[in-house]
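Consider the two complexes below, in which chain A is the common component and chain B and chain C are the respective partners.
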Partner chain A sequence: MNISNSIRVRKRSNQLVYWMVCLFSFIAMIPLFLILWDVASKGYKNFNLSLFTEVTPSSMDALLANMNGDPIPGGILNGITGSILIVLLAILFSVPLGLFIGIYLSENRERKFAKAVSFLTDLLQGMPSIVIGIIAYAWAVKPLGGYSALAGSVALTIMMLPMIVRSTEETLKMLPHSYKEAGLALGSSYTNVVFRILLPSGFGGIFTGILLAISRVMGETAPLMLTALGASVVNWDVLEPTSAIPLLIWDFYNDPNLVDLVWSSSLLLLIVIFILNWIAKIVARKWKI
Partner chain B sequence: MFFAAFIIILLSAGIIFALVSRSTEAFQEYGIIGFIANPEWDPRPATEEYGALSFIIGTIYTAFLALLFCFPFSLAVALFNGEYFKGKKISSVVRSVVDLLAGIPSIVYGLWGFYAVRPLIIDLGLNAQGFGILLSSVVLAIMIIPYASSLSTEFISMVPNNLKEGAYSLGATQIEMIRFISLPTASSGIVASYILALGRALGETMAVTMLIGNTDRIPKGLLDTGNTMASVIANQFGEADGIKLSSLIAIGLLLFIITALINLVAKLIMKRVARA
Partner chain C sequence: MENINNNNGMEPILQLKEVSVSYAPGTKAVKDVTTDIYPNTITAIMGPSGCGKSTLLRAINRMHDLYPNIKTTGDILLKGENIFNFDPMEVRRMAGMVFQQPNPFPTMSIYDNVLAGYKLNGIRLDKKEKDEIVEQSLKGVALWNEVKDVMSKRGSFLSGGQQQRLCIARTLALKPEILLMDEPTSALDPISTNKIEELLLELKNQFTIIIVTHNMSQAARISDNSMFMYLGELVEHGNTTQMFTKPKNKRTEEYLTGVFG
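So, the complex of A and B:
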């Protein structure tokens, strides 16, 4: 084999790998568009006002409408209000707590205790959502005597907490030391420095983390199945079983008469999640440290 | 603040306590080894007997297959973003698209797998119903691409420039540089990111529940139906009580231990990389 030949082979394999990488990366992006297209093209038919104003129809009503060729009556109001209730409660629990823990971890990096907490946060973050469901069931469903929105929000809180702790900690770690030193040098108290200087300066990163955590739990189904269970009416009582959009998708999927609603509810869910992601991106860009 | 941080400790202790205390009934009845090694899952009252083995095997089967399927794609994406088009505009486009994949809820993946991928498997004549290990691991693979690729991108783009320049100055082509410099240097980081992706795949619930076919026995092959640890809990938790409920929680405890160990290994590898 002469030299020019081997150079040609090497160049060719170089080209080949380059195109393979481009091709496989391209293929990896296709499913997103397929999923979006599938959900949008099948979901827009039932994506109307009644989706937001009416509660889930009974299986019987839907069967009759199907037989007459009418669109399925009703919507997913009970799921929308349920999702709002459960997620709001989870935000209420997890955000203040997550902020405090995040601040503690970034302020006491070298302590053994902080390292242990940090390790456990990682552990919680990797926990499968179904296991979180079991825990919320054991903590909140059994003692309270039944399925409830509160139990659902306990599950979502356990999911959100480590994400918020991590993003707060990471953001605060990136702030320059001089911020804190300047505040302290001006005679400000330590609490003041933390709450009036560090938190506002890190606002972008912290807020992005919270938004991403919300968008992550918004679509969670498994833990809610074991805790909030679902309901066919609008419910604002935190101690009663409550539905949520993902729970309704699961119900619709299992009920052949209601299957038309599955796509419009998925479409709504995807829109909400992508808007949250999009706002998070804008916030991250705007308040960059 | 110290108190807030202490809550994490309480939380973890409470989690372990809740799982352990509620699964003791099953472990006392069957013994720890007996429960893990028993492939029988029989809820009929007369011959009631519960063992986790078929679900453990189903879980490992789907998760590793998913990892195998996702490997070429996520490695390609990582090279695309971390090496070939590093810092270019197209790379941030690819990155955002792949990140959006991570934002899609599990249940929507399940729907899509059921209505779009399942007919494909039926059309190919692989399987009459379409459900099974293959279907769920294909969809799982798509779900974990963002997790596997985003971290390995970081590690590939962290390879020092002077090493790469050294290779180029010796006359290496780009692929030779990647093969002999970038990949070996970033290898432990890449391994860690795949381990984390594996952890994701093991615990994934809804999509798998909707696609795997839900049969309580050891899957015989790629096209057979089965159940994973997560999907059996999701499927049967609602109607369970007594020893069955305890057995399901015991499976949850096992799943928790497995994912915790896997995450621990990945974290240890990454810590070593960071120190080096």
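So, the complex of A and C:
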């Protein structure tokens, strides 16, 4: 084979690979768009004000409405407030804890203990959520004497922790070493350097990590089934069983009279997660060092 | 080791006595350095890469304390008092340091960067005191006119040379006894370098400056005294003009004439 021939072959194989990459990317996008389209087109019917202002309807009311051809009455207010309560509690627990572990890991990379913690964090990240639910059941539901929002938040805290730890650690590791030395060279204490220089400098990355952790646990169902259980009324008491949007989706799916509400609830959940990711992107861009 | 003789009867502000620094047991990056530094002078530390010049400089503000594997031995007297008898935080307030890369704190405004030393040390000041310190420090580094209208912008908004002057202002704001500079112009363009050099010549009226430099002509331009280090040893320390014209040690001469380095 002469040289010009081999160049032609290489050019053709380059082109082939390029088109394959494009094609597969396109194929990968199809299910994503179909999911969005399906949820949006089926969910918009019941996506109205009452979705946000009323609690879940009884199965009987829904049946009657269905028979008359009316939209299903009621909404998912109890799920929305429950999700807010449980996730807020989980943020309250996981953010300080995750920040401290992340700081420790980035500052003590060489220590054996830090390496062990780092390994366990990775392990926790891959832990099936149902297992975390069972653990939270044993740790929180049993001692508290019943299902509750607090127990649910314990499960979500365990799920959020590894993501917050990792994002804090990685962000702090990326900061130039000279920030720390410059702070210390001014006679600052180590604590002040961490809290007044390093954490604010890494704010963008850390905050993005927290938002992504929230958006991940927002849709968690299995751990909440074993801990928060669900409720058909709006509940703000952290020691009472509480509903959440993904729990309601599961309930609706199991009730043939309410099954239409699956789509509008899913649509709301997707919108919330979309907004969280969008904010995370803006924050990451705006606070880039 | 011969001592320098341009002290005019003044007491040295900084005395190094058999200072050694080791990164690993058995190997010394700085070997038994003994010398005196006199007030209101600029001392340049020169030498080839890896000769221990930055390591020696960082011993003076006890930066090595941050790394448990680094051991410093010997005595360092600042104004006659051994710095190892103080808390490292106090030592670092007395010996300010400027780094190679300009590193203003990215989340702080220009104004807050100047006051960073006070904030980080938890020293409360009222508005008038703050304004005074900021204005004085920025005028001290000839940055005041350039930034007085953009005080609330972030430090990283400035150019590299301006950032480095801001970092010097941040250090000066704490009114240190001596100023340690670790190749402060090696990341800057020639014009910014020139400005910093002019600035140092002014600052030596108020401070004592020790500057590590790779740049021999910079040492010749601004320093009163020069130290030449090689393989961790202080080979020669003396008047800069004399060292550049009639070096006493053969290795100094070889370095200055470009035989090695």
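We take it that the second predicted complex is superposed on the first by the 271 of 289 C-alpha atoms of A that agree within 3 Å, B and C clash if a C-alpha of one lies under 4 Å from a C-alpha of the other, contacts with A are read in each partner's own complex, and residues count from 1 in each chain.
In this text, a residue touches a chain if its C-beta (ideal position, glycine included) is under 8 Å from a C-beta of that chain, and two chains touch if they have at least 3 such contacts.
All of these numbers come straight from a predicted model, not from anything done at the bench.
When both complexes are overlaid on chain A, the residue A:Pro176 reaches chain C alone and has no touch with chain B.
Applying the stated contact rule after C-alpha superposition, one finds that A:Val117 touches chain B and leaves chain C untouched. Put chain B and chain C next to each other and count what each touches on chain A; the higher total goes to B.
In the overlay built on the shared chain, the residue A:Ser58 is in contact with neither chain B nor chain C. By the touch criterion stated above, A:Ile273 is placed in contact with chain B alone, chain C being left untouched. Look at A:Ala185: by the touch rule set out above, it reaches chain C but stays clear of chain B.
By the document's definition of touching, of the two partners only chain C reaches A:Ile197; chain B does not. Once the two complexes are overlaid on chain A, none of the chain A residues touched by chain B in the first is touched by chain C in the second. Chain B contributes residues 1-2, 4-5, 7-9, 11-12, 14-15, 18-19, 22, 72-77, 79-80, 84, 94, 97-98, 100-101, 103-112, 114-116, 142, 145, 149, 173-176, 178, 196, 199, 202-206, 209-210, 230, 233-234, 237-238, 248-249, 252, 255-256, 259-260, 262-264, 267 to its touches with chain A in the complex.
Across the complex, chain C meets chain A through its residues 61, 63, 66, 89-90, 92-93, 96-97, 99, 101, 103, 105-107, 116-117, 119-122, 167, 170-171, 174.
Against chain B, the residues of chain A that register as touching in their complex are 10-11, 13-14, 17-18, 20-25, 27-29, 31-32, 34-35, 38-39, 97, 100-101, 103-105, 107, 113-114, 116-117, 120-124, 126-131, 133-135, 137-139, 158, 161, 165, 215-216, 218-222, 225-226, 246, 249-250, 253, 262-263, 266, 269-270, 273-274, 277.
Interface residues of chain A, counted against chain C in their complex, comprise 176, 178-179, 181-189, 192-193, 196-197, 200-201, 203, 289.
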